[in-house]
Structures are given as structure tokens and as C-alpha cells.
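Shared between the two complexes below is subunit A, which has subunit B as its partner in the first and subunit C in the second.
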Partner chain A sequence: MASTYVKDPAPAPAPPKLPDTGAGRSRARRIVDWLTAFSFTLPALVLFGVLVLAPILYAVYVSLFNWGGFGSPSDYVGLDNYSRLLRDPVFLGDLWRGLLLVLFSVCVQLPFALGMAVLLNQKLRGRALYRTLFFAPYVLSEVITGVLFSMIFAPEDGLADHVLGAVGLDGLGGLWFADQDYVLPTLFLVMTWKYFGFHMMLYLAGLQGIPAELHEAARIDGAGPWQRFRHITLPLLGPTIRISVFLSVIGAIQLFDLVWVVTQGGPDHHSETMAVTMFQFGFKRFEIGYASAISIGMFLISLVFALIYQRSVLRRDTEGALTTMRASR
Partner chain B sequence: MSASTRAVTSVFGASSSSFSRRRFLGTASAVGLGAAGLSACSDSGSTTDSQGRTVVEWWNIQTTEPSKSVWPERAKAFEAAHPDVRIKLVTMENDAYKSKMTALTSSGKLPDIYHTWGGGVLKQQIDAGLVEDLTSSISSLTGTLVPASVKAYQFDGKTYAVPFDIGAVGFWYNKALFAKAGIQAPPTTWADYLDAVKKLKSAGITPIALAGKEKWPGMYYWAYLAMRIAGIDGMQAAADAKDFTGDDFVKAGEHLKELVALQPFQKGFLGAAYSTPTGEAAAMGNGKAAMELMGQWAPVVQADAGKGIGKDLGFFPFPAVAGGKGAQTDVFGGGGGYAVRKGAPKAAVDFLKFFMSAESDRILVSKSSMMPVVEDATSALTDPNLKLVSDALGKATGFQLYLDQAYPPAVGQEINDSVAALIAGSKSPEQVTRSVTQVAKSQ
Partner chain C sequence: MSAGTRRRLRSAPLYAIVWLVGVVMVTPLLYAFVSGFKSTDQLSQNTFGLPSPWVTSNYTDVLASGSFWRMLGSSTLIAVGTTVLTVGTAALAAFALARFAFRGRELLFTLFTAGLMFPFAVAILPLFVLLRTFGLLDNPWGVILPQAAFGLPMTIVILRGFFREIPGELEEAATLDGCSAFGFFWRILLPMARPALGTVSILAIVGSWNNFLLPLLVFSEQTWWTIPIGVQQFQGQYATDIARVFAYLVLAMVPALAFYAVAERQLIGGITMGATKG
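What follows is the complex of A and B.
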């Protein structure tokens, strides 16, 4: 598969050799180099340690206790919270709903965003207006989006039902967010409305990087629009698509604010996500130990996905960049 | 306006009360909020000011008018009569107060006088030895109070706080819609109640508005049914034994299922919030539903979220259940009170006695729209709807505090959750009692 930039096929250039002035000297030099590097990265390391590592480790620690957040944790229960997690129908449901949202996002939302991007990349009257319009929802805060759509899909007098009624359709009679079967699709609709503009922008940026000459050459060779899309646009958009899938999946795993504002996970847990369950247990029930176990679960799922994705899918894009894997080998 | 803000406070007090009130510290301390809370209490150690007056710190949550001015005015009035005392008001917003108090509680140093909702949180503080037993020092006051108002602050026959506000939950109904459906008088038994629901249904009226999204309004039905069937003592026994699997609680769920089977709620109720323009209160306020089971703040929120139905609004207590151990006069509700820290200056108790004197309570009722707590102050109440609530409280034969305040937060939330599942049809009455018991036992 080709790439938007020309990759360097040769190994990364080796660091310039220091003049060899004796083993002891070079060793001292290396230590000094190491210390210099260390002292420059220290502030970042400290911040990372205090703000990222320490809370994660603390959450792991707390997740081993049955703790109400009162005083310090003392009721050690080992891995009980985790075994409870694996038997909790709500959490297992969260996993299933998370998977559905990820699949929906990747199979519906992203292709839709790509289609819009390709359309808006053409010479079109009012192109800038459309781009702004479609990107606008992404700028709105999630809470505002939530409030807005809970009015649009309101049980009585909701805009959605009025509009559908006006064109002769029945609508859902206000059951959008209020029915166990409709709530997840409706939520996904809102998510798509909110996020497709962002992915569209990513794709647009990617599309701008595809040289027009390639399309022109293909056209001269007799390639039709679909062939050109399939064999030029799609491959050259590869890195962008891979990043956008990554962001979309991580976003779906961590989805919280929108759900909280619109349904609080209801009706009867049918729109609950892992983050909502975690919030319920942590801040409503004050079962901090169990909530920590949920958050560790979320963390592990995100981490495993990120690592696998990074190593297998994003690898070809990151090679040659700062975190080159080939050079380290 | 003042009444509406107070209503909102009450709503939060009743519903999401467990949010951060109790144990926010656990999460807060992780990010260092706890440290801020702990350092803040060091100044409550000093008890005299530069002029040698005894300083009494009074932590309250009256951030909105008119209470915001009435409270300092009460403090000034007390200081005028007691020149050697200075009442220092520390006024905080509801949620900020809850999280700060959690930090203070675990540090072991509370303010001299502080706001409490009673129930489980106060019990925790008492068990930690932080709260002054007021039984004998306010004995002269206790007799003058509406008995139901003190219940939330009494444990093992001892009183630990002075109430200043009290409310109750009951049915708010639309008289015009009831008349239209041919219902002569508000139902007094559960069977009559179900009949009334059927009549409303067949008259094409939505019988009940319910905020299914928020879960706590649905919990009121189960709680009241459990109270009517098991009685207040039965509720207490179940809470003490951490066992809600008894027949009485299963029956409560079955009766609620009978109601749900009639499909009495407004369309899309599972997604409806309480106080939004498309929520439960609005459905009542716009005359689209015939009744709702709600606390004393209901009329204000109805008028705020909807248009309000004015004189058509009526109130009746939750009906009795045939064969149940509870009476129709048993009341479910909650309020606000002031507790005193162990070792606080004597002036703190003196001030509370002054604050809740009949004369002072009359001022709170008329100026601050509090519900009367002192029996003699009841006459100061003019709002006809609040009078009905006040009457129900005055006649109360038993009082049950809001379950999410009476029980640990996890248990309260599990009741909300399970009852919501029962109403949505995914849990049986037995499953509700089992899951509540399971959570109660784990606490």
C-alpha cells in the first residue's frame, strides 16, 4: 500500500560517531549525556508520574478493597471486585453495548464521514459553508448536545416527531430515548451527528494531500470514478483512516457525558456505558472499590486495544516518525 | 423565586442527596481536595475573637434569598441579646457543603453548628463520637416541635439535632381532571386508588406523571407501599437486619406491579426527567396528567417547569393497603436540621433554642418559606398547598426518612435502580428485594 509521504526505505541514519578518545572518557561522556537527557525529561516524567501513573496505581490499590470512601481503605477483599465485575450483568451489558457502538461507529459513521469528505472535496458551490456546518456540531459541548437532543426527541411535543409527522411518517411517538430497544440507535444517531464532522475534517485534510496528478494520470489510463476512489483515494487516505478509526473506538469506549445528560444510562440500563456504570458506583453509591475495579477494566480494555492497534495497524504510519520501531531494532 | 430555589434544594436533598454528601472524600482525597478540606477546619479551633466574645461557627446552606438574609438577621438578633457571643455564619452551596463536610468528618473536627439531613450520615458522625447529644439540653424545646420533624435526628431515644424545616411526600392531584373522570373523593385505599387510575384511564386522561429517567420518583411508590404494608417498625427492622426479603417487601413490589400493569404513566415516561419542560412536573403543571407522587416542593416546580394548575391542585396522602401494618397517617419525607459538634461552646445550643423558638420559627415560615417545625408557628403558614402538607405532618403517626438518606447511599441507589427495573418490567418483586438485601449486606 502506498503512503502519503515517501518513506525512507533505508534504515535511519546512525548517530554521528564521537571521536574515540579512550574507553573511560567515552563512558563518562555517556553518563553525562544520560544525566543531561534525564534532567531535561525530569519535569515531564514527574508530571506524568504524579498525574497519570500515581492515580492509576492508586486506583489499582483501591480496587482491592471494599471501600465507601470514608476514612482510609481497610476492608481488603482481594480480587472480589473483579470477579463481581465479570458476573455483573450491567457491566457485561456495557461491554456488549460498547462493542455495538464501536461497530456502528466504524462501519456506519466513518464511511458516512468519508463520503461527505469526498463530496465536499469537489468543486461545489457553498463548499466552505457546508464544511463549517457539518463541523459545527463537534464544537458544541457534549452537555449542550445532550440537552438539545433530549428536547428534539422529547416524549411529548418533540421536534423529531413533529417533523416526521409533517412528512406523513409516524415517528416513534416520543419513545426515542424512552424505549429500551430504540434508545441505543437513537443515541448512536446523536453521536454520529456530533462526531462525523470531526472525522470528515480529518478526511478532508487527508484528501488535500493526495496529488491531483495521480487522479489525472488514472483518468488518462481510463479509470472510472469508483476505480480512482478505490485504488488512489482510499490507499492514500490510509493513515488518516487508521487514526480516525483509533480515535473513534477510544471515544466509544469512554463515552460518558452525552449518555449521562440524555438518559443517565436508562431506561433500565439499556444505554449504559462502562463510564456511566463507573460513575454510578463511584459517585452515587460510593462503592469506590468496585468503581475503581470498573475503571481499571476500562483502562485495560483501552490499553490492550491501543497497544494492539499501535503495533499492528498504526505501525506502518509511525515508522520513520519520532517513535520509530525499526531504528530501535 | 425564593420558594423555587428552596424547592430545588429540597429536590436535591431528596433525590441526589447521596451525591458527594457522604463520602466524597474518598475520591476527593485522591486529587488533594481532602487536604484543602482538612486545612480549612483549623480555624474552628479558636473560640474567642479579639473582643473576647465566644465565637460560634454556624455552617449553613442558605445561599438563596430570602433565607440568605433571614439567617444573618437571626444571628444578629441573638447577638443583640447575648453581647458576649458572636455567631459566625459560614454559608456554602449545597454540593460544596456536602463534600467539605465529608472531609471534616473524617478529620474528626466539625463546625460548632452545622446543617444535617439526619439519617445515615448523622448516625455515622454520632458513631464517630463527633456529635453532641442534645437530648437534655433542648428538652424544653422538644415538646414544642412537630414530632415528625425531629424523627430523622433521633437515635436510640436520643436527639442529636434541632430541625428547622420538614417536608413530606404525597399525591398531588388535578381536581378538575379527577372530577372529569367522575372520581368523587381522593382514594384512601390502594384498591380505590387502582380504581381511580382505571377511571382516569378510561376517561382518556393520563393518570400519573412519572420521571422514569431519574429513578427516585418511582422509588417513592415502592417505599410508601412498603411503609403501608410493613409499617414503620417493619422498615426499621428490615434496615437493622439488612434483610428486605420479607413477604411485606415482596408484596410492596407486587402492588406496584399491579399499578404498572394498568399503564398509568405518561407516554415515554421511561425517558422523562423530573423538572425539565418535558418532564414529570411539567406534565402536571400543564394539566396533562392527573397526579404525581412528590414532596412539598411539587407545586413550585410544577409552576416553574409548566404553567401550574393553581386552584385545581390538591393533595392527598398515600392510600392505605388492606391488611397492612402501616397507617395512612404514616408519613414519608425529610427536612433539614442543625447538629452541634461535641465540645462546642454552650452558646451554640442557646442559639439553636433561640433560633427555633416559636417566635423565630414564625419568622422563618413567613419570611423564608420554611415549613413550620414549631407547632405554634403553624399559623404563620398561608400557602394552602403547604398547609395540607403541614397538616399531614402534624397528624403523622409515624415518620420514615427518605430511604436514600436513611440508608447508606449504595442501598438507597440499589432501591432506586431495582424499583426502576421493576417498573420497566425487567425485575420481579422478589428480585428487587433480593438485590436490595444483597447490597445492604455488603455494606
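What follows is the complex of A and C.
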């Protein structure tokens, strides 16, 4: 079977070249070649097709029915589930809260992560330790994080209230996760604790790709630290920042574990996310049809966002990002 | 004032900032650890101080219970199963997608990369129905198979990139020596790709270890509960005995943190690589 595959060592994705179709090779031969290649991908393809693609298509189908989850769906309702979705105050609230979380992340968490990355990119004593420490919460599950902070922010008697009391700020604390107005900001604090280290690591990897000579040259030309940050670091970090914004938005759209463990979406839906609403309808109230419509809604939002973002923002980075990655290796 | 002193003075605020952030990061973990050695009464009366006396029973009770070790075992089994399956099938596919030229290759690759955008939550309902139909509820395969399937896109993207960079001459030489396509893959490519295989394995292990939604739905009976399910259940069960929950939490964190301590470099490298390529 020595000639069954074609050497294709080109590092950049190339359009598929068909195997040599010269006179010596018969049609049958080419089919055998194709089968060889295809059989390598087959296990992955079966797994992916049966457990990723088929369920998503099935969700589209089920979302057109009123279905309790047992027997086969028979009560066809067309797009009713979707029009109900667009009138459901909880779902619209989910969208609003998702937007708030994204804005929080982009305006507070990511700049903070970037600041820490710039700090820890300098020659500070103990910086390796700080990096390790800041990233550590990322490896803990959201469940562990959630339970930990639900005890720290326990109403009146948690660590948070004791700390505020000790510094004379008793009035600030209180119900935390149990308060309609506090629950989202508190949740956001926890998310920052858990995830800013991840974004910081992305930025640190990006910072290391910026040649030191650029900073040297700017310094010699008399540029101060802020000017160097503004005109060298920030533009060259552009691709990394855009990827981290992208991941943070996608993460906010599918946020589930943390919310479920800490508040189950409460109090009175004030911390509910799309995934939580979907779970409530699907697995607590057995309105599988409607819950499927919610998942398809989530999927469409992620898809549209990803496509627009890729078109308008990420595309111009592709070239740059590739060269940076190669250089940093 | 010497230049050195001045530099130290100027960087003092920077040190103060990172130190402060460090304190905020470490306090919850340290607090949980110390609180595990208190009784719940001590905890509310003496929040900040060291335990007096040190109560070890919270920790030892958990360690003496069979359920904690069973969950540890089932988390491990599921993580290993997921990793072997994801990396095995993804490596084969990535090999074909990187080094063969065949009709439909780009289409296949696009299909897999599109999978990067399907979060678990989107497919969980029909997946649940599917697993119920196949009788895979309360069965570790019911978690392993979907986790492996959802892990494929990222793993294939990373491995394909790596396989492409192995020089073609090597393959020609192997072919001349009579090596089959699979022989080249198995005896030459895989050993050479060990670092990349390590990276994707670590990503798969961490993902599986921390997964919550799927095991929550699949395992209604205790037999196969994983650590995250155990943590959630334990908190519900001992809601009033906070010190005990802290001890349980700390013990539940140990495996992940120990793994992080051992594999920090690969983990961070893998995660940043996965993010920039995905």
C-alpha cells in the first residue's frame, strides 16, 4: 500500500490535490486510495456525527413540536415555540443579563487581566509564583468555585461580610446572591476570580511575541511608558485581545454550571441565563419542545455572533496571528 | 538616593498591586482550608483566627467515607476513557486530514472545526433523549462517548497543525522501507508527536474532570457520580454544617490542583494554543 497516500507536507492549508491520476492508475485504484484515507477519519466521523451533529439536528426537529419527552413527538406546532420564546420575559431577561455579563467582562475583567499581564511581564520578583497563582482557579471546576463562594458570600455570616465588618463597611454586605440587585455583580466577581487568570495567560503569550527592540527604539525616541503601551503593546496585542473577547462572549452565552450551583437562576430569575432557562424547561418542567427552541436560540446567537465577528474582526488577524504563533514557537 | 533604591521605590506600587491581587486570589482557598479544621460553631464565632482546637474530624470523616473515593475513582475512569477515545480517534482523523489528499478533505475539516462552536448546552436535550434510547443512562459510556465527541474538534485542529509540520522526507523514507500508511502513523508519527499528544490529553482530562452538566443528567444513581456531582450533593446534604463542606471542598480541589502543579507548563501551553487556534 506504499503509494496510497500523497505527501503533502505544506505547512499552510492547501486545496486538496487529487492523487496522481496518470494512465497507470485505474478508477478502482483511486477508490481504494480514497477509502484508505476515509477509513482513518471514520471513527471520529461516526462519533461526531452521532453525538454532535445528529442531536443538534434533532433539536431543530423537536423544537417544532409540543413534546413532553416520552413517546415520539406528534403535536406539531410549527414555529410557535419560537414566537413564544420572543415573548417570554424570562428569555428576554436572559438576553439582557447575558449582555450585561459580556459588557462587564469586556469593560472590567479583560482590561484588568491585561493590566496584570503587563505587570507580570516585567521583571518583578516572584512573578512566576503570581502567574501560577492567578491561573490556578481556572483548573477548578465551576461547581467547586460556586460552592466555595456561596459559602464565602453566605448572607450575614460569610467571610465577605466579616471582612467588610472588620474594616467598618458593614452596610455594603448583606444578602449577596440572595439579593435581586446584588446577585449579578456578585456572580461577576466570582467569574473574574476564576477566569481573569486565563485571559491574563493569553495576553502574556501575546506580549512575549512582541519584539523587545520595538520598545527599545521607542524609548530611545523618548516615548514614555503610557505612549509605548498605547502605540506598541496595544496594537500588536490586537489579535490576542480580539480572541479573548470572543471567548469571553461565547462563555457568557453558555454559562450554566456556576449559576446552577449557586442560585439556580434566582432570586426570581435575576441571575438566570439561557442555559439555565433551557435546563429548567427541559429537565424540570419537561417541556422538551420549548426547551429545544431555547437551545436552538442559543446556538443561533453563538453562530451569528461567531460569523459576524469572524467576518468583520478576526479575518484581518488571520495572517498576523499565524505569523505570531509561528514566531512564538 | 542611589539608582537602585530609586528603582525599588518606583516599583513599590507595582509590588503592592500584585501582592494585593495575590491576597484576594489566595484568601478563599486558604480560608476554606483553615475552616475545614474548625467546628461550625467556631467558624461563626472566630472567622479569621486559627482553629482552637484544631478539629481534624471533618477531613478524616470524608477520607474515611467510601463515597469520596468512589467518586474519585469514577472521575478518573471517565477522564481516562474520554481522553483515550478523544485522542485516539482524533489522531487518526488528523493524520488523514493532514497528510492525505483526498476528495472531500476540506469539507470534512470544516465540518469538524464548525464543531468548535457547538457548546454542550445546545445539544444536551436531544443527547439525553438519545442516551436514554440507547440505554446509556447510569452508565459511564453515557458520559465518556459524548465528551469524546465534543472534544474532537479542538483536538483535531491542534493535532492536524502539528502533523503537518513533520517533514515529508520522513514519510517518503518510511514508505520506501515498506512502511504502510498505518505503520507510518503508528510507529513514526505518533512517537514524534508526543508533546502535542500530551497537550491535547491534558486538555481532555481537565475538561472531563470538571464537567458537570452531562454527569448530572446521566447519573441519577450514586454509583458513578463524579467529583463535581459529589460536591453539589454534599453541600445540599450538609447545608448547616459549613465546616464539613469546606473540608470536602478542599479535598475535592486537591486532585485538580495537584495535576496543575505537575503539568502547569503543558496545561497553560495547551490552553493558550487551543484558544489561538480555535
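FYI, the second predicted complex is superposed on the first by the 265 of 329 C-alpha atoms of A that agree within 3 Å, B and C clash if a C-alpha of one lies under 4 Å from a C-alpha of the other, contacts with A are read in each partner's own complex, and residues count from 1 in each chain.
In the analysis below, a residue touches a chain if its C-beta (ideal position, glycine included) is under 8 Å from a C-beta of that chain, and two chains touch if they have at least 3 such contacts.
Predicted model, so just to flag it, every value in this text is computed and none were measured.
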Does the superposition put A:58 against subunit B (first), subunit C (second), both, or neither? both
Partner chain in contact with A:149 - subunit B first, subunit C second, else both or neither: second
Is A:180 touching the first partner subunit B, the second partner subunit C, both, or neither of them? first
Counting only touches as set out at the top, which of subunit B and subunit C does A:33 meet: first, second, both, neither? second
Check whether A:280 is in contact with subunit B, with subunit C, with both or with neither, and answer first, second, both or neither. first
Could you tell me if A:288 is touching subunit B, subunit C, both of them or neither one (first, second, both, neither)? both
Of the partners subunit B and subunit C, which touch A:212 in the superposed model: first, second, both, neither? neither
With the two complexes superposed on chain A, say which partner A:220 touches: subunit B (first), subunit C (second), both, or neither. neither
Counting residues of subunit A touched by each of subunit B and subunit C, the higher count belongs to C
Just to be sure I read the superposition right, which of the two partners does A:139 touch: subunit B = first, subunit C = second, or both, or neither? second
Footprint overlap on subunit A, where subunit B in one structure and subunit C in the other make contact: 55, 58, 69, 150-151, 154, 157, 282-283, 288
Quick check on the complex: what are the subunit B residues that touch subunit A? 16, 18-20, 22-27, 30-31, 102, 105-106, 124, 212-215, 266-273, 276-278, 283, 288, 408-410, 413-414, 420-421, 424, 426, 442-443
Residues of subunit A touching subunit C in their complex? 1-11, 13, 15-19, 33-34, 36-38, 40-41, 43-45, 47-48, 50-56, 58-59, 62, 69, 116, 119-120, 122, 124-125, 127, 130, 132-144, 147-152, 154, 157, 159, 162, 166, 193, 197-198, 201-202, 205, 240, 243-244, 247, 250, 253-254, 256-257, 260-261, 274-275, 278-279, 282-283, 288, 291-292, 295-296, 298-299, 302-303, 306, 321, 325
Applying the document's contact rule, which stretches of subunit A touch subunit B when the two form their complex? 55, 58, 66-71, 150-151, 153-158, 173-180, 183, 263-264, 266-269, 280, 282-288
Under the touch definition given earlier, write down the residues of subunit C that touch subunit A in their complex. 11, 14-15, 17-18, 21-22, 24-29, 31-32, 44, 47-48, 85, 88-90, 92-93, 95-106, 108, 111-112, 115, 117-130, 145-146, 148-150, 152-153, 156, 164-168, 171-172, 175-176, 178-181, 185, 206, 209-213, 217, 227-229, 231-232, 235, 242, 245-246, 249, 252-253, 256-257, 259-260, 264, 267-268, 271-272, 275-277
